[in-house]
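Next up is a structure, given as structure tokens.
Every chain is named by a letter (A, B, C, D and E) in the order it is written, and numbering of its residues begins at 1.
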Amino acid sequence: MLRTIKRRLKSITPRIRRHTPPGAMPGTIKVRRDAHQPTIELIHYTNGNFEERPLNSADDVRPYLGAEGVTWINVEGLGDQAMLEQVGEMFGLHRLAMEDVVNVHQRAKVEEYDDHLFIVVRMLAGEEELKDEQLSIFLGQNFLITIQELPGDCLDPVRARLRKDRGRIRKVGPDYLCYAIIDAVVDAYFPIVDSRGEVLEDLDDAAPREHSHTFMRHLHSIRGELMMLRRAIRPLRDALVRLMPDPIDLFKPETQLYLRDCFDHVVQLMDLLDTYREMSSDLRDYHLSSINHRMNEIMKVLTIIATVFMPLSFITGVYGMNFNTELPGNMPELDIPYAYVVALLVMVGIATGLFAFFYRHGWLRMEDLGQGEDQHERE
Amino acid sequence: MLRTIKRRLKSITPRIRRHTPPGAMPGTIKVRRDAHQPTIELIHYTNGNFEERPLNSADDVRPYLGAEGVTWINVEGLGDQAMLEQVGEMFGLHRLAMEDVVNVHQRAKVEEYDDHLFIVVRMLAGEEELKDEQLSIFLGQNFLITIQELPGDCLDPVRARLRKDRGRIRKVGPDYLCYAIIDAVVDAYFPIVDSRGEVLEDLDDAAPREHSHTFMRHLHSIRGELMMLRRAIRPLRDALVRLMPDPIDLFKPETQLYLRDCFDHVVQLMDLLDTYREMSSDLRDYHLSSINHRMNEIMKVLTIIATVFMPLSFITGVYGMNFNTELPGNMPELDIPYAYVVALLVMVGIATGLFAFFYRHGWLRMEDLGQGEDQHERE
Amino acid sequence: MLRTIKRRLKSITPRIRRHTPPGAMPGTIKVRRDAHQPTIELIHYTNGNFEERPLNSADDVRPYLGAEGVTWINVEGLGDQAMLEQVGEMFGLHRLAMEDVVNVHQRAKVEEYDDHLFIVVRMLAGEEELKDEQLSIFLGQNFLITIQELPGDCLDPVRARLRKDRGRIRKVGPDYLCYAIIDAVVDAYFPIVDSRGEVLEDLDDAAPREHSHTFMRHLHSIRGELMMLRRAIRPLRDALVRLMPDPIDLFKPETQLYLRDCFDHVVQLMDLLDTYREMSSDLRDYHLSSINHRMNEIMKVLTIIATVFMPLSFITGVYGMNFNTELPGNMPELDIPYAYVVALLVMVGIATGLFAFFYRHGWLRMEDLGQGEDQHERE
Amino acid sequence: MLRTIKRRLKSITPRIRRHTPPGAMPGTIKVRRDAHQPTIELIHYTNGNFEERPLNSADDVRPYLGAEGVTWINVEGLGDQAMLEQVGEMFGLHRLAMEDVVNVHQRAKVEEYDDHLFIVVRMLAGEEELKDEQLSIFLGQNFLITIQELPGDCLDPVRARLRKDRGRIRKVGPDYLCYAIIDAVVDAYFPIVDSRGEVLEDLDDAAPREHSHTFMRHLHSIRGELMMLRRAIRPLRDALVRLMPDPIDLFKPETQLYLRDCFDHVVQLMDLLDTYREMSSDLRDYHLSSINHRMNEIMKVLTIIATVFMPLSFITGVYGMNFNTELPGNMPELDIPYAYVVALLVMVGIATGLFAFFYRHGWLRMEDLGQGEDQHERE
Amino acid sequence: MLRTIKRRLKSITPRIRRHTPPGAMPGTIKVRRDAHQPTIELIHYTNGNFEERPLNSADDVRPYLGAEGVTWINVEGLGDQAMLEQVGEMFGLHRLAMEDVVNVHQRAKVEEYDDHLFIVVRMLAGEEELKDEQLSIFLGQNFLITIQELPGDCLDPVRARLRKDRGRIRKVGPDYLCYAIIDAVVDAYFPIVDSRGEVLEDLDDAAPREHSHTFMRHLHSIRGELMMLRRAIRPLRDALVRLMPDPIDLFKPETQLYLRDCFDHVVQLMDLLDTYREMSSDLRDYHLSSINHRMNEIMKVLTIIATVFMPLSFITGVYGMNFNTELPGNMPELDIPYAYVVALLVMVGIATGLFAFFYRHGWLRMEDLGQGEDQHERE
């Protein structure tokens, strides 16, 4: 009975609510009123050194500009327009890109500027209820800036690897860090997509017997989520394709191998989502044909009942008529001994004949009438 | 109950009503009889200077021909054939392009001529009821001509930026002005598309319980509008692709970055429209399965009623027959004390048995019968 | 009530009835027995000169072979094999092309030979009933040959422009004439496609209330016609693409601009046909859901009637039974004063209760039952 | 009544029954046990000479190896493994190609080897029942080998042209012969495809009135055949594309023109098959909506009958009750003169009122109830 | 009655259960707890020599490193992380590839590294129930490593050919061995796909008469399997395309010919799967229309019964009313001799008239009512 689905059944209609007014000057950075106040976190490392600390203001970044090693600025929250403009100015980020940072409905994409890349990915969360956040990444020669809508992310494993100096992450440049972040985001898609697969498995199991209303609402909801997931993931595939022969040579050939691996994961996910989408269509058709079939069976029951009892009731009606039986020709059979018994036998005969007719036409196989739980076991 | 949809439910069938007769000489400029009388507006600016004034006739343009700076001629209304021909001649615009200016069913497109580009975009308006107007743009080395079907447009923010000299708009050439106009048109698409998303959200909410006729009419209407929007926006995407490696080098590399941003917006809109279209299909299927399901339930009620009462009525019919009970074998049970009570008990027993049968087959779960408003809350 | 559709409702199944027998030698010119006897018309013009006259036989063409200026031979009717072969021979036309001229089921196409192009376009006619004719065009260095299946065509505007020397048509070569002919054919498509849009508009209007049988027949018929139109027009688009970077340089760059315009018209038509096709699918779904909905409502009426009257009839049946009321326990209520009134009141109570039940479940909103004409106005 | 369809209604599920065991050495030639014993036929011609004779064994081919002119070996039947291997060895045919010759489920394809081409086409037959045979062609510098599954083919016109030296066939090389054979195979597709169009025409005619079961079986059968035809013909299109800029230069430029013509025929067929497929979908939808519509009408009849007679029967039931009329309040109306007439009039009034209600709601237009043959004429 | 389907009807929802935790360091080799303990098998051969033996540990491979001839290491089971890492290190396999070896949900793919290729193919089994296993292949200059999830594979024919030195397999390099393995895997797909074709054949046969519930479950199950098969096979096609102009030149031109043959087989399978998928859709539509049709027939029976008996019962009801016949105007017909007979004749007349009405409207052709087995034969 679809035990695994506990999440609220609500559909998500994607909307683009730009807060830059139509016709505004391109490159306008206008923060939303309800945006989170940002916190800034800085990680700086060279091959030997590692430093991690929160920053009070964008000014604190200045000492690290142009310093050796890799500087990673992570901003969580978009509520401070001045700060965002300051960061953009310090690192020479293009205004059009900064505008996209605050308009958080961007599709995943890669844009190349003179000396930096601007990358947008969608950070998904929620095995129960789907959540969707924009992660903007600026990759420069020796810096990486990530800007998120909300506090909290899926990048902790990356930070842990940086801190513990595990693997090659601290030995190589910001391009590898950028890859590691994208990879962490993609890795977080897997349990989300997989949980939808689990629901589909349950629905597939429930399709032929589940209560129709419940079934269709779950299916409708899961289809909506699959569409949302596809909307989030597919543009990332195209973006990664553009990164692979990287147009401004920020990614080293070595890191390209890793990007290819990440691309491979995204393709796997897309393939799975397409399969799920197709499966859900098949499920819907299967379920609808079950409903149709059941309707058919109900109609048969109704028709059998009506067909058997209507003639019988007609006969009783005939003998319930009040013709004056003392006149000749008026219902003389009422005055014959055992006529009642004969009438009953005739009625039994008619009923038997009709049932035999229905049996021979296969209408009496009614195994599929019920929708109770036990019925499935019996099959 | 679909409160947000107030707009008239009318579908829009696109039609091409060419007023150039079939087989006419190509390049024929033939204005429609009911076309608006045009007004001409001139904006001329150099980096330091700004002039804006209405013109009485096309002749007043002559002083600006070849002048330094950027000349923007804006014509609103297509009712004056002579004037249009004069403008075309003064700026050396190709006759085939001028023919397309007055045949206002063009798809968005870019056509390159020797020394000017001809660009068509569709100007949409109306969050309630969709309106569609053709905006023809000619971009030359130092001029920009925009020709509109009707008075009124969405270009006021651009004019405001020009007047106030905000941003870079007055410092750069007509290519940037051209971009700014296209961008303003695209920006105006966002609230229009978004309002359709709002309707879909309401429909999704209403799908399982809404009165079917109303629901389907709204869905049909919204599908028609989505198709119209797609028809208007998709060709623009292709046109922008052609502009980006601009074939006759009117767009400076710097402006190309901005065009890319504009292209990105159009892709976002297309992506959203495709999602909406797919969502509306899903909604239809969901709604139809709800109807099917409800029909199923109604049939069950009918069948239960008929199945329970038909045998009972048959029994009453039997005891309503007028056989002569004084003869042997004719309904002796009528003359037995308490036979009536027994008969009633038998009938209660039959009804109980049939209900038990239906209960065991799951027919008595009738939660989904109603379509009243309260029903949704209960779930 | 679908007033605009007066044309006969017949569907057109495309068939290829080759009259060249299977396995015949390629290049076999075999005219159909029922083909029209051809008439030949010659137009010859140089920049200064213009001559137009009917020819009695293909031999009369000889004086014009290789003459300065442009020679346009127009053949209407395919009934004379010898004449066709003679024409082919005089102008050096390839036998494979000549075979396609008489096998009149060709798709629009362009084939290049050593020194001439072979172009096939479909000439459509009939806003009421669709007619389809093959127009074969041979374009050489200084000649143009058009061969039609039947007398009568849509090329009169072209002839008129030639006679009156309007525009540039007599100043330029046969390539422009070829363009002018193709353009005239394409222009003739517009009213044909547009009339189908008009029908769709009417159908859209009629969808929720029209008599189903009539509606579906009209929709089926219009879908068939849209398919036919697409079949005729789409290959032309591909053919024009091949003409535009013309492989054997018969089209001058100047004329290429005009071809691009013509291509643009064809793309507009294809776009419109695709929209119409999609609209007709939507209409069908909308209409079917209306039918479904109405069936639902009918079932509700039936169920309400049966549910209300079956228990009432059962009660009357009970009191119509003939138990001997003189014995104890047998229907004593029959002998109570005013029991009849009580019974009637009970029945009224039951009916009221059932109606209340249905009302609370929303079954009594029956606004959509009717399909009469007035019903639409009321909404 | 679908007179034209006489062929057996059986569907054809394509299966690949490889007789080479899985994992066998590639290039294994293993003939099927039930394969036909082969016959070998040799045709040898130079420009002046022509020789045609049956061969007893593959050895008889040796004298012709390397001889001037064109040698065409035609093998019908795959039952002799030794002979096939011998032929393959003599002409240096690749073992992988020879393996495909005996595994007769190949799709149409072209494979180039060092000095020969291997071409597979599907030879179809049967306007009534579809038959499908593999024709393998090896084209070398001066030889052509054709190997067929079964005796009998559609190449007799080619042989006739060779014998009578009609056209250019004996003057040119084996490439033209190869083209002529492929062209003969393609020409044989036309009547087969066309006969399916004829059936569709009949079905279209029968759609709104034909008995549903019969109609759907024919439609299902025709859809299966269209799918089979598309499966056979589409790969041929791709194969011809590969032949046209022939990779190993066996086809002379002159013959390429002929191949293009043949390619054109295949494209026509594909276009027609796609149209037929789409038409059959439309037909199914049209037919299903007809069924739906008829169901609707039947439901209306049922509902009208029930709605009219149930209240009337209830009234007769009321006056059939046996309340003791001597007591006050118990059915005093039974003892009023002409009460019966009044009751009848009331009932007539009720029936009339209900019919009026239904008429005003448009339920009484029942023109579409019947499915008899005459009904179509009346429309 | 669908005898051929004996396999369990369970659907397979593909899931990706990565056991590498999200965000883990790329290149992490983490074996699953329930993975099989591996066995290692070594085959080494030169043109003259052949050696085959099981290995106890990865160390035993060392002597063969860099040895002349071809070394094939086959590992069955993924349960030993240390061993896998050791193998990877000895042969210089990339860590990202090794990670994919243990994450066994990879799609078929080819990845090129500096001096080796990494190839993944899906090994399918099970004509009754589909099983799916990952086979990872590393191809180097003189070695081939295959790593499988589970013991048992379809490569025995390849081993047999190696042992018996049949064909060219021992004379050529590891590229041919790699081809031979892929070819054996693809050959094993054929009986699997073919068995699904057999089921479809049975379903097609059963479509018009089979019990709906059973039919739809089988069809749903087969559609799920076809989707799984397509998911396994399609990526292999793309992978083979990448191998054919092999990017790092490990495949000799001669072996490329064989790969092309293998690619051809995969295309055949894909083509067949697409056909099957389309056939199953057609089957579903066909079956659903059969159900619809039968419902129609049932409704007709119900309507005929109700229409005939309701008026008759009404008449008997009228004459069962208890009006006081001694008063004038109250049912005088009850006291007329032979009135009963007249009433019966009137009722027979009404019934006859109604049947005639239905007959003329074609409702009485009820050939399709039954669903019994015998019915099909009769047609």
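Operating definition for what follows: a residue touches a chain if its C-beta (ideal position, glycine included) is under 8 Å from a C-beta of that chain, and two chains touch if they have at least 3 such contacts.
Small disclaimer: the values here were computed from a predicted structure and weren't measured.
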{"item": "Intersection of the contact lists for subunit D and subunit E", "value": "none"}
{"item": "Chain-contact steps, minimal, separating subunit E from subunit A", "value": "1"}
{"item": "Residue-number overlap at the subunit B/subunit C interface, same or different (half cut)", "value": "different"}
{"item": "Copies subunit C and subunit D - rotation angle from C-alpha fit, nearest 5 degrees", "value": "70"}
{"item": "Approximate Å spacing (C-alpha centroids) for the pair subunit B, subunit D", "value": "40"}
{"item": "Inter-chain centre distance, subunit B versus subunit C - centres from mean C-alpha coordinates, in Å", "value": "25"}
{"item": "Interface hub residues of subunit D, defined as touching at least two other chains", "value": "292, 295, 299, 302, 306, 310, 313, 317, 320-322, 331"}
{"item": "Chain contact graph, described as a line, ring, star, complete graph or other shape", "value": "ring"}
{"item": "Contact footprint of subunit C on subunit B as seen in their complex", "value": "11, 13-18, 21-27, 94, 96, 105-107, 109, 111, 113, 211-213, 216-217, 220, 223-224, 227, 231, 235, 284, 287-288, 291-292, 294-295, 298-299, 301-302, 305-306, 309-310, 312-313, 316-317, 319-322, 325, 331, 334-341, 343-344, 369-372"}
{"item": "Complex contact set, residues of subunit C against subunit B", "value": "154-158, 161, 166-167, 169, 180, 183-184, 187-188, 190-191, 193-194, 197-198, 200-201, 204, 207-208, 257-258, 260-261, 264, 267-269, 271-272, 275, 278-279, 282, 285-286, 289-290, 292-293, 295-296, 299-300, 302-303, 306-307, 310-311, 313-314, 317-318, 320-324, 327-331, 360-363, 365, 367-368"}
